[in-house]
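Scroll down for the structure; my scribbles are underneath it.
Going by the order they are written in, the chains are A, B, C and D; count residues from 1 in each one.
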């Protein structure tokens, strides 16, 4: 089959999308409204799917379409819908004050970005497409990590975890073009799906028993 | 080193007879120095005789230990005496033990003595035993160290050999080792025989007495053997002192002449030592109980010095 | 002959196993448990005794070099024993004591009926005997360590048998933790040897020291010294010993003092002479100094005790010290190359090991009988028992004379040998070191005298005078089995005292093995009646001779009595009470009062704390009532162990802040770890 | 026929049992089904052992499943612990139901999820592809979360939440590590989809890009290390273990930690083959020692029985890691053996703790007070023996395995490490002894009547303790052989 679009455009597209993912991530870091955060995550996943699509169309790798489809179905539509439902049901609008205030967290994320680039630099040679996609991926992982530390609401922590997931997926695409073998991708996908469902369940139960989603209330088990 | 029955018999007899005499001598001489007439020298014999004849009262709380103690004290003292060369170089029983056995036997006597003091549940016996055992404990290291010093010099703990060694050509009585060790042993002698400044044999004031406190409940023959044992112990220690450090005239062989000379020399030496004791007793006051350890630690230091001088003068074999 | 002793050994081990099983079977049936377990233990100990004696009498010759008990079950442990002379000698000790204690238990254990599990007790007891025997016979590191640890476990169970008492639980834990520390040191030490030899067999360890680098060699020695020292309770590692002995039931205390702490002596002898060998001078000096310090301090602290069993426990520390003096001197002689003297000192140490086992077990059994009859260990409440329990009193007295190193009993003999070896040590080296010998000799003298003082107190206050309490007044004589056991040990004291050359002949193979010289020919004169210090010139002693001589002298006083005192009568009367009628027990000296002069003399060490409260009516000269209390606390307890304990707890509690309960904190830990590792990785 | 699809059956049987429990109502039936299933898996595991010994690694499903000696060993452990758990669970939940602590629904949840949990673990050790292995680990995490939260108390929810969050994050990192490995495999490899099988990667290991592998191992270490409860990522461990119902605690501590460790081991082997042993070995060693020294003080001052047991698990994981990290054949052998013995020991302790919890309604030492020996003799015996074993005393095997590790270390000249290890072990011993002395001996404050629970949990505890004792003094030759082969695999000596 003949490539639909030429490689350099593909590379630039991918780089662009990756950077957009990062931007979204940073927005997420400073976002306070829960629903918006969920949407942002959906958007980020959408960009990820986009990257997948570009790769697929460019290399004409059929099975990548499957992955893209799953990502769209799962991360762009289903999970956000699920979380959305949770939030609405719990009538929580916004995140309470995070541990680190927003300006500082921006600075920290900047630092993490640098770190990501440092770590990734030796491997730019291996990237088959885009440049610094790996760096972006690592940055996503690190900032997602930070986000998790920084937030107190269960939902946002789940979101943060999912962005880390996105980062990993991006790294997979960045390093291996085709992502991982289909079976692995499927396994991962379903794990994530089940995981989020269970998380949702847990969040719900916590909400039931604690009448709150504030994770910092969960600190009875000490020593 | 064969066990000569006659030698044993003779030395036993000598010990038994001389012991009270020495005590008597000390007592009289002390009286004289204090411008008192004092009892005759043979007074102790009379006392012993009277004690032996007298009826006995034994405390109702006392047990067999109380009654056994006097005999043990007496016999161990005699046994100890038989280990020490008295008139002849060869102590009759030296095969059965040397300095260590001597110390052990005296300790055994003391052990029974102290228990005898505790047995009748009297208020004083315990006091006497406790003090006696304490002083003995503090005196022991000095004694043993002094003995070690001479024993090392002689290369043996056998008192006959020690005496022989001091007789021998290598002997020099001005040797600092000998002098220091003698001083140490003399102090120990005062302590062990309950003499001023450690104990006052004459007193019956409850709070100061040591030896007497243990004898308080004894009467009759028990008391006799206790007293006799005490004086025997004193004689034995004096004999040890003189014959280890000034073995002049010890008879090398059992010829009548040698024996006679030996006996004379021995008496002279013992009287001299007794005299020194008398002088010390009259010129000193009794120490407080808790000062006594200082005196004995002084003895220990002397003995240690003696040891170090040995180290200086004697080379490794 | 040899295979006979092997068969008997096997029988002994089987006996213990059977005893343990019967004990477990008898969890419900106490009588069965008692007679089954201790019966088997008795038989086993008897077999072990005969086996070891015959084996040693055969000169250790012709014994099979190695016996496989069980097939090698797993890749670690060869369950094999090798009955060599040293092992057999200690087997002799454990069997003798085990025999006596088992017999004792027949009469002692019934007091537990209906209150606690006699079966478990019997089982643990047998396991303890079994593993102790195996410790002495084990043929390789793993088997040794296994036996060692199970032994520790068994004794932990036995010590904490009366577990409803807080103090007992504490003592057990303290014992077990300290013992485990020691095991740690041993494990390291053994693995250093293992590394050098490449195999775990004790054969391979023989003279391994020569093939080791100096560093590991010295490290190994120190580790072993610490490890075994912890078990032996040498000062300052003794802290568990005075706590555990009183806490345990008395037959167990006897077993611990008689056997358990002797395992460390075995270990030091085994390691010092068989494994490492060719000791540098400072090893010997260290052991000698450690021994001296333990001896003196041990007896001093013993004097301060008025708890009968704690007092005995401190004496165990003292005697371990005396034993170590012998071993230390032996090491020094081995260094200077005087094999004869080395074996003399070794014999002194080993002989005292046996003696201490015998008389200390005897004393603990006696104390057990007393506690059993009066339910108190406090000397201040005892007294006058000589009339109420005459036999026990007599046996305890025998033990007291023996442990005070008084002629003619066994304690005197072994200490005499120790003196001899120290005395002759002076000539062995020109260096200043030689002063150590006579000085430690002097300290030994001090120890002996203090021990005598302490036992005048222990026996006098406990058995003589008037009873100081109702408990003592109502005491009854102990049960026959308990008396039989004590009699057995008392007889052993006498025999070991009067006929030392007999036993010394059994020690020949041991000295042959460890120092290369059989000694008894040099030690016994006049057909074995007279004991000589290796060199006849060095001095001789004959306890038997002295006793016979005393027998000959006895007619003197008796004769005098007959001559003079024929007419004298003997009357029982009250004790002199200064004319104030009514002499109460409270007027007699107490244990505390007895040891007061010593407490004063050694004030610097004891730092006694005393509180006196007076209540006056009108004038300070007429106190209405007066409350005096004084206690002595161990300086090691207050200066070392308590602060250490405090520190550990403090640190641990602060560590808990790590687990603060906040998810964020935990995430940060992971994050930090990740960053650090990334930095490392790149 | 079974011998043909051994691995498939190993996965299928528990999974089927789990699903089959969905429609069931009676507790007995569900428990019985579980026991039956795990009994069968145990048999299968033994069969697998035999086949591995006979003919080397077994593969199925076109190389999708693969079992070598290491996997076989792990399979055995999983099967035994699960069987014991199923044996214990029946009567345990009977009491909980009677006490109304849980609802029948939750009960079914347990009996459905536990076999799935086990199946997940089987998949971890049987999957050849690292990706699938990751997914399987994630699956075990997810299936056990709800088990941890089973009681639905505040604290149990908290424990579950921490477990899932930390675990999930860790696994995300582990996934990144997996991705890196795959990237290394893809690098200069013409195929679009090179095989992701561990066995294949081992063959090409020397050609892999060292920097990538390095990075991969770091992420795998942090990721799987979190799941395996290595300090300082262990923080979820005491919470989850103490809050889960005791049978689940037994599973978690008995095997699931070791399963995560197994996943880490695969990476360790791979990176050793690629980079040489030094790098990964030292990291594992360091974390192992850290875990040991962190565990000791927490054991000493812990107030809650099950939390203390959890920290003791941390300690033992530390020992295993040190053994692996020392990396000599002897120490690795010791570490694997330690895994086995610990798997047999820890569940006993948790079962006993469960009994205590149900009789005393608390796990605080203070609340329990003295005299468990008097009140619940049999439980106390189990607890005591288990503790003796866990404290590393003979005649129980942990003593041997610890000695092997220490001895191996010293023989390898790693004196310092061995001394540290020994010190930490002694400290933990002291802590365990001290803590259990607070509850086992003594006179109970209030005399509790034996409420018929005297013999509770005897089958499970008996099975495990018996096995432990047996295998402590006697290792069957096949087990020995499989252990040695596994040690060779880890040591990189095919």
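By our rule, a contact is a pair of C-beta atoms (placed from the backbone, for glycine too) under 8 Å apart; a residue touches a chain by one contact, two chains touch by 3 or more.
Given the structure is predicted, the values throughout are model-derived calculations rather than measurements.
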item: For subunit C, the least number of touch steps when starting out from subunit A; value: 1
item: Reference subunit C; chain at largest CA-centroid distance; value: A
item: Chain closest to the middle [Cα centroid of all protein chains]; value: C
item: Rounded Å distance between subunit B and subunit D, as computed from the means of their C-alpha atoms; value: 79
item: Geometric centre distance via CA averages, subunit D-subunit C, whole Å; value: 45
item: Length of the line joining the C-alpha centres of subunit A and subunit D, rounded to whole Å; value: 31
item: Gap in Å, rounded to a whole number, between the CA centres of subunit B and subunit A; value: 101
item: Multi-chain contact residues (two or more partners), subunit D; value: 161-162, 165, 169, 173, 211, 215, 238, 298, 301
item: Subunit A, residues touching no fewer than two other chains; value: 119, 122, 145, 148, 157, 215, 218-221, 223
item: Residues within subunit B bordering two or more other chains; value: none
item: Pairs of chains satisfying the touch condition; value: A-C, A-D, B-C, C-D
item: List of subunit A residues in touch with subunit D within their complex; value: 61, 119, 122-123, 126, 141, 145, 148, 154, 157, 161, 164-165, 167-168, 171-172, 175-178, 180-181, 183-184, 187-188, 190-191, 194-195, 198-199, 201-202, 205-206, 209-210, 215, 218-221, 223
item: Complex interface listing, subunit C residues touching subunit A; value: 656, 659-664, 667-668, 671, 674-675, 678, 682
item: Touching residues on subunit D, where the partner in the complex is subunit C; value: 161-162, 165-166, 169-170, 173, 211, 214-215, 217-219, 221-222, 226, 232-233, 235-236, 238, 279, 283, 294, 296-298, 300-301, 370-371, 373, 388, 393-395, 399-400, 403-404, 406-407, 410-411, 413, 418-419, 422-423, 425-426, 429-430, 433-434, 437, 441-443, 472-475, 480
item: Residue ranges of subunit C in contact with subunit B within the complex; value: 383-384, 386-387, 393, 397, 401, 404-407, 412, 416, 419-420, 423, 426-430, 432, 434-435, 438-439, 441-446, 448-450, 452-453, 455-457, 459-461, 463-466, 525-526, 530, 533, 537-542, 545-546, 549-550, 553-554, 556-557, 560-561, 563-565, 567-578, 583, 585, 587-589, 593-598, 600-601
item: Subunit D residues touching subunit A - in the complex, by the definition given at the top; value: 129, 131-132, 134-136, 138-139, 142, 145-146, 149, 152-155, 157-162, 164-165, 168-169, 172-173, 175-176, 179-180, 182-183, 186-187, 192-193, 196, 209, 211-212, 215, 238-239, 242-243, 298, 301-303, 307
